[in-house]
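Next come the structures, one after another.
You will see subunit A twice below: alongside subunit B first, and alongside subunit C after that.
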Partner chain A sequence: MSAITVDLRRNRLMLSYLIVAVLLVVLAVAGGLLSDRFLTWRNIGNLFQQLIVLGMVSLGQTFVVLMGGIDLAIGSLVGALTVFLANFLEWRPDLVWLALPLALVAATAVGALNGLLTVVLRVHPLIVTLGMSSIIFGATLMYRKEPGGSVPRAFADIAYAKVGGIPFSAVVLVVIFALAGLWLQRTRTGRSIYFVGGDREAARLNGLPVDRIVVLAYALSGLCAGIAAIFLTARTGVGDPRIGAALTLQSVTPVVVGGTILAGGRGGVLGTFLGVLLVTMLNSLLNFVNVSSYYQWVIQGLIIIIAVGIHTTRRR
Partner chain B sequence: MAPLDTPMPRSQSMSMASVFERYGLLVFLVALMTVAALASPTFLRPANLVNVLTIAAPLGMVVVGQTFVILVRGLDLSVASLMATVAVLATAFKATTNEAIPMIFIAAIALSAVVGLVNGWLVAKRNVSPFLATLAMMIILQGIRFAYTGGAPISTLPPGMGFLASGRIFGVPVNLITLAFLAIAFGIVLHRSRLGREIFMVGSNPKAAFLNGVAPDRVVILCYVICSVCAGIGGLFLLGYVGTVSNWVGQGYELDSIVAAVMGGVALTGGRGNIFAALLGVAVLVVINNLVLLLGFPIEMQLIIKGVIIIGAAAFYRTRLA
Partner chain C sequence: MSIKSILDHKISRKSFIRGMPAVAAAMAAAPAIQLAQTSAAVASEPETKPGYYGAPRTWMWNPNANTMVDTTKWKKAGPYTIGFSNASISNAWRVAFQHGVLWSAGQHRDEIAHLLVTDANDDPSKQIADIQDLISQGVDILLIAASTEDALDSVVGRATEQGIPVVMVDRKVKTPANYITYVTASDWALGRLEAQWLCETLGGKGNIVMLPGIAGSSVAEIRIKANEEVFSKFPDIKVLEKQYCDWNPATGKSVMAALIQKHGKAINGVLADSALQGYGAIEAFLDAGYKDGEFPPMTGGDVARMYQLANQHNIKMVGIDYPTSMGITGIETALDVLKGISVPDKVEVSFQVVTSPGADTISVKGDRHLLDHVSMSDPGDLSPSNGLPAGYNPSTFNPDYPK
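Let's turn to the complex of A and B:
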């Protein structure tokens, strides 16, 4: 009985992936028909270069959502980290080797704090992370109100570097997604994230260290935000407290589009990866055919609703 | 089987709890105001107090609506976007005389009702999580609004709108009178009517509500409509206060309205809360904001304090009443 339901769930997820994959192909073909520059290597290279930031924050969001939570502090955190990186590197351009680990550790710590607060205070993650987002944003603004700072040339290069013609950032993204997927599927801790997201009480009764897994998921989300911030700072060259503002909500879209259920326990990183591809490609295509970014917002909203309509039948 | 006509024991214990919540928050508010008065002689001046209340009124209107949605286990992230969209709609009449004001209000309320209907339909009928449904609505409204204005601010408004938003009758701000009227009307609906009891039932146990002959879907949709209409009205009053539409009128009100409601003891798990306590939450929030300014702290500190408060308040009510 339970084997059958598990099978159905897996098929359901496969169906989600298939739908998104088909949509990707449709988009690519449509892009090729609408503009002869869309399917060129140059544009595809550009497209892949853009993936890393949205990809990383969405991956972080995936961990948290699979575990049954939500992280709305991602955007503020990314903004704060770009400010830290750009200002630190302006002060000491030679200390890149120190700045990057520091940023990653700080990001992971903030993520873990989010998790700890939800566990200790037993407050809904929406409230905890919204509150944290407000705190982080306020603190960043008290330090720097306007975009500023600069980065050394060598650091900026990581955003544009290529490995055998393929953008370095895209390689990093694919490797990280692959590792994340393997970790979630093949390791005990990874699978327990699904377990906690599916039924927290049952997970607790089965002796899983639920609280630690919750904190771990948020810490991973923070770490992902840190990686996103590194590439974002390298690309833009400045630290901007507001740059992450839109990222929080953008990070949710690919997760949902990829078939991960907001209630937790079902979905996966492959779906998120396809979701990131779809969203990025769609935006690129809309830019190509000169649709104003205003209508891109409308389309993004519709995508969320349609994706949820396709993927969910259950009440959250 | 007429459970709706007889008060349930649970609702009695709930009102005890909400009484505690109300007075607990009231004590906090008085303490805050004492601190503010001690910290700055400006605070208790009537001009400052009236000013604080005038700023609070539009937020209060949004909170009245947000309370309804949270009571049925939802939340509405689209309120701020709707406020700005309604503001843009109001300027679309390009009216310079006051005859247009009733039309503006009717159009704004109609648009808000449609938005609320869609939100509610998505949540109740399509089982979309409230977070995603209202998030999508927020982005869609934002896109439509910007597509219409092209991003430029507009300021063609009938002069009467300014009076509604910052004018006074016998020294009392008009928008405060409107808020009081809205709060009392919806307070009666929520705390004294059959519909109100149905809302509490659906919020605390949808299945039981269904078994008692309540249609949960209809109640939920209605709550979203009420929320959007309150936000729309709040948007018009905020617009009159600000004077120009910047496309971002009301930004931050989605978070602030949830903060205020949670501080006022409206449980995010649904089924527990009180409109007037939620409005006390608004008072606490604006007094804190005012205090930050009076003490000469940077305005960004409001963000930090707000964040601490929302987490703290949610934790407080959880441990007290869980």
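Let's turn to the complex of A and C:
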């Protein structure tokens, strides 16, 4: 890989970031013009409080997509974990310290299992993760059909708490994204995710432990789903098997909007972060201007298609 | 409510004491009092149909004390910004319900500056964000139809803690302390009335089948319990079968078809808790070759088609709709709270008891007959108890309201 190509690719990515950033500014200005309450600190704080769940699942999806896969089990996994957390915490509210690590370990294990299955069975990840999604969803429903459970007030506060006026969850999100970005850029393992996504065979020939990297990417996606589930459970105070249903597709939107190529190997977490901001701000703005949420669906669909279209066309 | 208070607060159409008869009487008896505004409001009253428009019957007839909530601490000067967070508009009932909210806000333009509406698409996670967005927009009160009882509990409680009053409508959240009042209709009363009517119509003797809604849903289970309270008083009424029909016409039809196969003419009565499966059941009888006059008496409610079929085939029925008009009452209750008028801790809107001609029994008398309630040309999925102006058609209705 020559230095020039690297440079071009970097520029292309920068251009993606720039487009999303410009869209963000346009949205913010439009919001400010359409409603005098949109650009208040209160609403900005409110927007940032809403970022964490979509942010975490999108980050997980970014790892997998960069590595050249796709994770469609995210939504069911988040739903199952909220059921686990809410029921566990209803049973023993004092064992928060145990429940959270357990949830994260279970989430990571499910993710790793997804990775293992794609590696061992050589089945397309679309099928593996879709099947896993169905298994998790069914199993969760066997345990609990209706939303239920409860969480102690102190735990619920992590979703609503503010540190110096800034939502705690937003701080967590920014720190995790920064760490993820550094890890992907600066470490050998992080960079090898790009290699595997760019050209799996070449990566294998170069002696990279491809299978392990695949499993790692899915495991990270699981871990991210675990963190998302913790905040979602805190936010809603219950476990609901269906609550993650919309998250799977939603997790893909910020990834592609942020310039990560679905084929893998190119992109980054900064783009995803901007994409998460964009989607969240857009939904909020549409609420502010009293637009039916059916339009929100249509607009999100359009954004995905246009974003992918733009990135694909520019690559030619 | 006195004349004085009517003059002070322009009477909200069907506000909690919905068009209280005493008020109407007082107005008629005092023509000298010029109630220009009020009479304008009355003139726009769409409901010239026969029926019951009084205070909620469950409130009037409650043999125990009603719990009234003092709302003076929420009282503030208008005009108001109301935030309405709807769970979804994913079926005909919910569409008509939302139309009621919007239309009602349009009727109160002098008091409502803005009605901000969000739709959560049945996604509790989105509804939490919706509610936070509405709070950010500085609403004076929240009117919420919760997508789930549990998941919205926390955010609703936090809204109340932030000093924003919350009125629940149609679906509440788990903890009563988290909201001021809940606008709904009584499934207990509905279940008792329908069962009592059926038992009396059969002369206290006969075989019936029960076609309830969705297993495990609180609405369906409460109605079943209320039915069973009544059955326990009639030892000669035998329940042959109880089969859930998911409030789905197709399921209602196939379940009823199987029951007709199994029991044939031994079925003397059908207790469907809604017309959704009820009209499916009528279609099953038609397919089985039942002629006009041969149908067993049936119960139902909620959509026009069952009333239309019952009229067409001369079926004895009683229908009670879970009224979509509670959206209208929701806005009026929210206004009452902001004006500091006391509200009950639960506002159970009255329903119209609809009977086919000659089907009144000793305990259950119809407020209106089938054709007062629906017209044969109404769309089959129309929710008749919508409280909206005559000729309401959900697909063309576009209410103007303060956005």
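In this text, the second predicted complex is superposed on the first by the 311 of 316 C-alpha atoms of A that agree within 3 Å, B and C clash if a C-alpha of one lies under 4 Å from a C-alpha of the other, contacts with A are read in each partner's own complex, and residues count from 1 in each chain.
Basically, a residue touches a chain if its C-beta (ideal position, glycine included) is under 8 Å from a C-beta of that chain, and two chains touch if they have at least 3 such contacts.
In this text, all values refer to a predicted model and were calculated from it rather than measured experimentally.
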For this session: Please work out whether A:Gly301 is in contact with subunit B alone, subunit C alone, both, or neither, and reply first, second, both or neither.
Result: first
Problem set entry | First, second, both or neither for A:Gln50, with subunit B first and subunit C second | second
Problem set entry | Which of subunit B and subunit C A:Ile310 touches, first, second, both or neither | neither
Exercise. Who does A:Pro147 touch here: subunit B (first), subunit C (second), both, or neither?
Worked result: second
Exercise. Is A:Ile166 contacted by the first partner subunit B, the second partner subunit C, both or neither?
Worked result: neither
Exercise. Once the shared chain is lined up, is A:Leu27 touching subunit B (first), subunit C (second), both, or neither of them?
Worked result: neither
Exercise. Where does A:Asn290 make contact in the superposed view: on subunit B (first), on subunit C (second), on both, or on neither?
Worked result: second
Problem set entry | Which partner, subunit B or subunit C, touches more subunit A residues | B
Exercise. Which parts of subunit A are touched by subunit B and by subunit C alike?
Worked result: 145, 292, 294, 297
For this session: Using the touch rule from the top, collect the residues of subunit B that touch subunit A in their complex.
Result: 75, 122, 126-129, 131-133, 135-140, 142-144, 146-147, 151, 255, 258, 262, 268-269, 298, 300-311, 314-315, 318-319, 322
Problem set entry | Touching residues on subunit C, where the partner in the complex is subunit A | 116-121, 123-126, 128-130, 132-138, 148-155, 158, 216, 403
Exercise. Taking the complex as given, what residues does subunit A use to touch subunit B?
Worked result: 70, 117, 121-124, 126-128, 130-139, 141-142, 145, 249, 252, 256, 262-263, 292, 294-302, 304-305, 308-309, 312-316
Seminar exercise, completed: In the complex, subunit A touches subunit C at residues 35, 37, 40, 42-43, 46, 49-50, 53, 145-150, 156, 160, 232, 235-238, 240, 243, 245-246, 283-284, 287-288, 290, 292-294, 297
